[in-house]
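Each of the next two complexes has chain A plus one other chain: chain B in the first, chain C in the second.
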Partner chain A sequence: MNGIHDCGGRHGYGPIDIDREQPIFHADWERRMFGMFILAFGGGHFNIDQFRSTIEQMRPAEYLESTYYEHWLHALETLCVENGTLTRKELDDRLAALSKGTH
Partner chain B sequence: MSADHDHEHHDEYRPSEISLRVKAIESLLVEKKLLDPVAVDKLVDAYENKIGPHNGARVVAKAWADPEYKKRLLGDGTKAIQELGYSGIQGEDMVVVENTHDVHNMVVCTLCSCYPWPTLGLPPNWYKAPPYRSRAVIDPRGVLKEFGVELPKEVEVRVWDSNAELRYLVLPERPAGAEGLSEDELANLVTRDSMIGVGLPKTPN
Partner chain C sequence: MPTLFPTDALDGLIRTGGSCRVNVNVEPGFAPGDKVMAININPRTHTRLPTYVRGKRGIVMRDHGAFIFPDTNAQLKGEKPQHVYSVMFEAGELWGDAEFPGDKVLIDMFEDYLRPTNGK
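Let's look at the complex of A and B:
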């Protein structure tokens, strides 16, 4: 699949952001995302090919504008809905409740 | 709500809407007893504090100190790395490529961010971002220059594109003046970047 993720050889992405002091995780949500994802993966809820395929199907603009662990979040949400673990409505309702501070 | 303005750490790492989405899915999975939040803590701790380039440095130091080990490492990287106790996810199939006087190897994952976790830990941001991924394969010398590495023209540069199953580790050339150092001392000369191939090991004082 020749999608936006297939970066090799493309021009125009600019200089490499070499920050030698960067932390492993930049925010706590990245930590949670990382751990959750690895556990779901290790638990056999999906495999690495499904994971990558989900990310590769992100909208190109969204793929480029979002960070690494947002790709993981996208994949986890999508795969949980696809395999029936969660519904989109459950996710939306919970997000709304958390936003309002009612959960 | 103030989510639009309430950023965690740095703008690049996204406003709190993302962190709420993460909280939403985590809380639902925990409620359904599909996720143990303590297990998340443990994993995070392991990759934040225990698994990192110091593991790979042990592998390189041993290869520098022990020619028999080096032979095994270049012959079957996965097995030889396992000898030192480093194995597990994202390191199931390891190939070690050796830098010499004539050849310099560097590693990229153009499609994604495949990286040898058991030996190097989690990848740095630049490894996961399009500028490195796009250019490493068409302008490796230009990329190396950005990292402050300029190689003589005669040195052949080989770029290895990782994939979902197979991961590469660069065995850097042992720096001059490192003869007679212990494995611990040698390990201190090995940098993460030298094992990705975008840097060189430190030289002994």
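Let's look at the complex of A and C:
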């Protein structure tokens, strides 16, 4: 797919930010995201190439403005809805409960 | 369908990231030193062939062994195991009048992405 992810040789992105001191996870939710990915992947819910392919299909503007683990979240949600593990309604209901603090 | 993940394999998966290397006997189509050209494809589906290398000429530097082919595996159309090679491209071949003409770019390429050029 000739998508926004294939940015090799493109100009205008600025220098690559190499921070050798950066933490493995920038926030607790990223740590949980990693755990959920490992278990869903190891459990056979998708293969790694499906996962990458799904990230590439994000809307281009959203892809560029979101972070690494937000890409993972997008793929995990999308693939688990596609394969029937989750429904979109379950995700929406959970988000609504969390935002109300009633979880 | 989803299967339960063997918990004793969890630590290895986290530490190594897993590998798509396969232990099947696949004959390599290329060898180090072979002159090759990257194919020009533009699939709407997943590929790991970067846009900027399509149609460019390079030289096989190393054979990494056999791996699952992402282009088919992403579509659940089979693992199609094949050799992956480190292929060297000159900066000028990729970028034309390159800013750093002496630079070389090494790209890991699946065999399906390559064609022989017979030294031309």
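One rule holds in what follows: the second predicted complex is superposed on the first by the 103 of 103 C-alpha atoms of A that agree within 3 Å, B and C clash if a C-alpha of one lies under 4 Å from a C-alpha of the other, contacts with A are read in each partner's own complex, and residues count from 1 in each chain.
We take it that contacts are C-beta pairs under 8 Å (C-beta built on N, C-alpha and C of every residue); 3 or more make two chains touch, one makes a residue touch a chain.
Keep in mind it's a predicted model, so treat the numbers as computed, not measured.
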Partner chain in contact with A:53 - chain B first, chain C second, else both or neither: second
A:64 touches, of chain B and chain C: first, second, both or neither? first
Chain B versus chain C as contact partner of A:100, first or second or both or neither: first
Which of chain B and chain C A:91 touches, first, second, both or neither: first
Contacts of A:44 with chain B and chain C, given as first, second, both or neither: second
Winner by number of chain A residues touched, once chain B and chain C are compared: B
Partner chain(s) touched by A:27 [first = chain B, second = chain C, both, neither]: first
Partner chain in contact with A:19 - chain B first, chain C second, else both or neither: first
Touching partner for A:73 - first (chain B), second (chain C), both, neither: first
Touching partner for A:8 - first (chain B), second (chain C), both, neither: both
Contact residues common to both interfaces of chain A (with chain B and with chain C): 6, 8-9, 38-39, 41-43, 45, 48-49, 52, 85
Chain C-facing residues of chain A, complex: 1-2, 6, 8-9, 38-39, 41-45, 47-50, 52-53, 56, 83, 85
Chain A partner contacts - residues on chain B that touch it in the complex: 1, 3, 8-10, 12-14, 17-29, 32, 34-36, 39-44, 47-48, 89, 108, 110-113, 121-122, 124-126, 128-138, 143, 146-147, 161, 164
Footprint of chain B on chain A - complex, ascending: 5-11, 13-19, 22, 24-36, 38-43, 45, 48-49, 52, 55, 64, 66-68, 70, 73, 76-77, 80, 85-86, 90-91, 94-95, 98-101, 103
Residue numbers on chain C that touch chain A, as the complex places them: 1-6, 9-10, 13-14, 18, 20, 42-47, 50-52, 68, 70-71, 73-76, 94-95
